[in-house]
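All chains are identified by letter, namely A, B and C, in their written order; residue positions are counted from 1 within each chain.
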Amino acid sequence: MSEPGASRNGVGPSVGELVERFELEKAWLVDPISGREGPGEIVVVDGILESVNWLEGAEADGVTDKGVVVAPGFFDLHAHFREPGFEDAETVASGSSAAAHGGYTSVALMPNTQPALDEPGALERIRLASRASGSPVEILAFGAVSANRAGETLSAMGELADAGVLGYSDDGAPVRTGKLMRSALLYAGMLGLPIVEHAEDLEFTSGAEAHEGYVASIMGLAGWPSAAEVNAVSRDLAVLADAIKDEPRARLHITHVSTAEALDLVRRAKAAGLPVTCDVTPHHLALTDEWIAGARRWAWDALNQDGTSRDPWADSALTAGPYNTSLRVNPPLSTPVDAAACLAALLDGTASAVVTDHAPHTVVDKEVEFGKAANGISGIETALGVLLELVDAGKLPLVRAIAALTTGPASVVAGWPARTATAAARARGLVEGASADLVVFDRTDRWKVTEESLRSKGKNSPLLGRELPGRVLLTIAAGRLAYQDAEADDAE
Amino acid sequence: MTDRQIMTGDEIRRAIVRISHEIVEKQAGTQGLALVGIQRRGVPLAQRVADAIAEHEGILLPVGALDITFYRDDLSLVAEQPMVKGTDLPFDLNGVTVVVVDDVLYTGRTVRAAMDALIDFGRPRAIRLAVLIDRGHRELPIRADHVGKNVPTSREEIVHVHVAEIDGSDEVTISRQIRTTEAAEAADR
Amino acid sequence: MTTATTPAATWRHRHLIDVDVLTWPEFELIMRVSEEMKGILARPIRKVPALNGRRVTTLFYEASTRTRVSFEAAARNLSADVVSVSTATSSVTKGESLVDTVRTLEALGAEILVMRHAVSGAPYLAAEIFSGHVLNGGDGWHAHPTQALLDLYTMREKLGHDLRGKKVAIVGDILHSRVARSNIWSLTAAGADLWLCGPATLLRGMDRWAVAWSGGAIPGHGRFNVTSDVNAAVKDADVVMGLRIQRERMQGGLLPSLREYAARFGLTAERVALTKPGAIVMHPGPMNEGVEIAPDVAVSGRSVILDQVANGVAVRMALLYLLAGGHEATHVETVR
């Protein structure tokens, strides 16, 4: 693999600079638009993906999907970069750097900043921060549903739409009442934009610490029942069914769904033709509540043949200390059965995308007692690795994993009336002649997740100390260098 | 590792008989005397001394058992020997001459702990010490009033006292194996 | 299930945060050492120099006079120096974090930290950053190991050392009880026939736990029973233990009233009469007399509540002794 730009002037470009020339031979290409994967070569010239050459026959010999892989840059539909207001935890600059390290070239930010993103000036601040960072990672944003996310009145939705938000969410919290949700769906629908809902029934979750189940019972943790998510999703679907009668352009996207029952509600709603989509996170696919007790095995390794959850105490699977606060997240880590349901939803299309819900926190907010710890996992850099673990375990084909990070989120956005044929909805594939937007990673080159290797300010990852597959070697966003691995070798 | 026998069963028996006579001689009788054996092997030895005294004086002295686990000056031994063996002093110590009985006298720390323990139970008139083996290397100013046998040893050696009540046979041996743990040293006292 | 075993030869734990890590030989070791400690309490001078010069610091985030005094007495009986920090009057009220508090106490010479905290899991966080020994005096709803151990000691003292098959009924607010959780671990290890009883709202999740254990999946811990039928729970029981009902449970919509609880679940003389002859009545204290336990039952001949208090000092002495005496080399890799 030649260093981007090296052939021109002997010095690689720095982050943000146009990639003048980059060639990659004998790599495994994955194009989720066509669903095609196989040996190939690419050439990038002056920021354009000039050539995508699929290899056949003898030329393809020796190139497998276990080596260097090229895919379209990933699109995260849900992340928190904490700026403005919580810059100790993350900034647009550090978040963009983390995103690029994770292979992401577009990130949609949630509005729970301080002040909340409830009027256009706030969006402008974020855009300025992005430009100042010098990172070419595309920063998009959701506006708040309610003014100041207080759940009382609608935010300046029209002005936010004019300023270019992707949609609206009160994430961090649900839209407070069904009545407000209905107004929001109608108004946003009129503007052609969706409501992205964090589905949580707050009555159930006040004081709750962990998924209500066997693990929480033993560990004396206040239970967070599945009903909290199921109730909220039920409410939202009922309100959506009502809203589309008056405004057929109303759209609902439910983010980070974590329980089997809620996923099933979405499945049935979609089958009935309701304009709803949803996503799942890597941590709900791969981690479970038994990690809080000290287990460190992947969700699919904690399942019996008959699909029931295994008992970590019985299995002597508790290898780490309990009550690790990097595991406290909203919605909480659930059972292996629920994790399997998230995977099934991804496979059958109920869940259209994987989002990271990247939630960085400072040490001060996490190095406390479990019940006092802030919710959230810093996950934008480990999403690819986690999905590749699923691929390695035979649970998910590689091309589907890549699709979940690229065409999946793009299709969700394309389904929003205002978004069709706009930049954010662009199909993400390996398209000759398009601006280069891609990620190169080495499937079997493992990297260790440590406080040093994470670019995010948020070191609250439960995977610290663990090695993940799929070291990212290069990320190019909109033709410019977004990330380059410092030890990138020549790969043939 | 070579085990050298330094006392046979018969030699032990004769030593105990001699010690029992010495104890009575020093006290000029059996009045006001009591025997307290230090756990573990001092206990059966104390009982044997009491039996010997009963045989030639016709009086059975009170015999107690003392566990000095909680009086040791080195708590790090707890992990290896946490099991306490029990203290049983079924008589009033006040004004009594207590003869402490132990199998081996070494650094003297066990006897110091035993004295602290006894004084917590009451105010003996006097405390005396009878041991089967004195192997030298005292670290505290403690001496035995009655000794079965003086055995000069080096610090690398270990003295093993076997008593029938616990070990199935009576003998005393020495081995040359180097053991570095303090537990081993304390076991030899 | 238990078999007659010899007590563990060595003590391997640097901390004691929960009884879930103990094997049955380790339980027996603690019982044996507690018995010796109880012997010390019967002496004219109720003190031994075993922990002479060692610093025991109690750090209580929840107000609790009886437990804290019990730990202090235990430490003093071993000649340890005791420092007590009650967070109501410390810098914690100024917002000092647990991590900072523990680091400060360590710098001030704390060697054994006895902690009580309102949030489950807090002692594990302390253990991660503290170079000495952590002894859990109760954390949130999760564990109260010294209580379970003194309860076990008291039952063995009154009913004989073999508790296999003995029926133990624990009645009260099981859901929020660290005493219940720790007793589940210790009593199933002892082979007792354990029954947990309370109103359905205060038993939530416990049946799921009992079912998970019913197949004998956890070595050494068997199934226990969960019921809201108090008569079935106490019938022919060898031990009846009441747990405190807190007023907050009404505000939380979990109980209609304390009066209703007392009527339906309270340990009255009539209910206690259903137990076996010679059965004992226990309570970890403090009691709400007239709610979970009738005043006459609390002072009856069957009540061993005061024995529990006395035994508590002995058991805590045993644990301080075992923790303080451990070798670095023999310690089980910690934070469990």
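To be clear about the criterion, a residue touches a chain if its C-beta (ideal position, glycine included) is under 8 Å from a C-beta of that chain, and two chains touch if they have at least 3 such contacts.
If you're wondering where the values come from, they're calculated on a predicted model, not measured in any experiment.
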Report the chain whose mean Cα position is at the greatest distance from that of chain A. B
Chain with Cα centroid nearest the overall Cα mean is chain C
With centres defined as the mean C-alpha position, give me the chain B-chain C separation in Å. 40
Which whole number of Å gives the spacing of the CA centres of chain A and chain B? 74
So, in whole Å, the Cα centroid of chain A is separated from that of chain C by 44
Taking each residue of chain C in turn, which ones touch at least two of the other chains? none
Where on chain A is chain C touching in the complex? 209, 212-214, 216-223, 294, 311, 313-314, 318, 321-323, 364, 367-372
Quick one: in the complex, what on chain C touches chain B? 7-12, 29, 32-33, 36, 39-40, 43-45, 47-51, 54, 78, 321-322, 324-327, 330
Would you tell me which residues of chain B are touching chain C in their complex? 67, 69-72, 75-80, 82-84, 86-87, 116-117, 120-122
In the complex, the residues of chain C that touch chain A are 20, 97-99, 117, 119-122, 124-125, 127-128, 139-143, 178, 181, 204-206, 208-209, 212, 217-218, 335-336
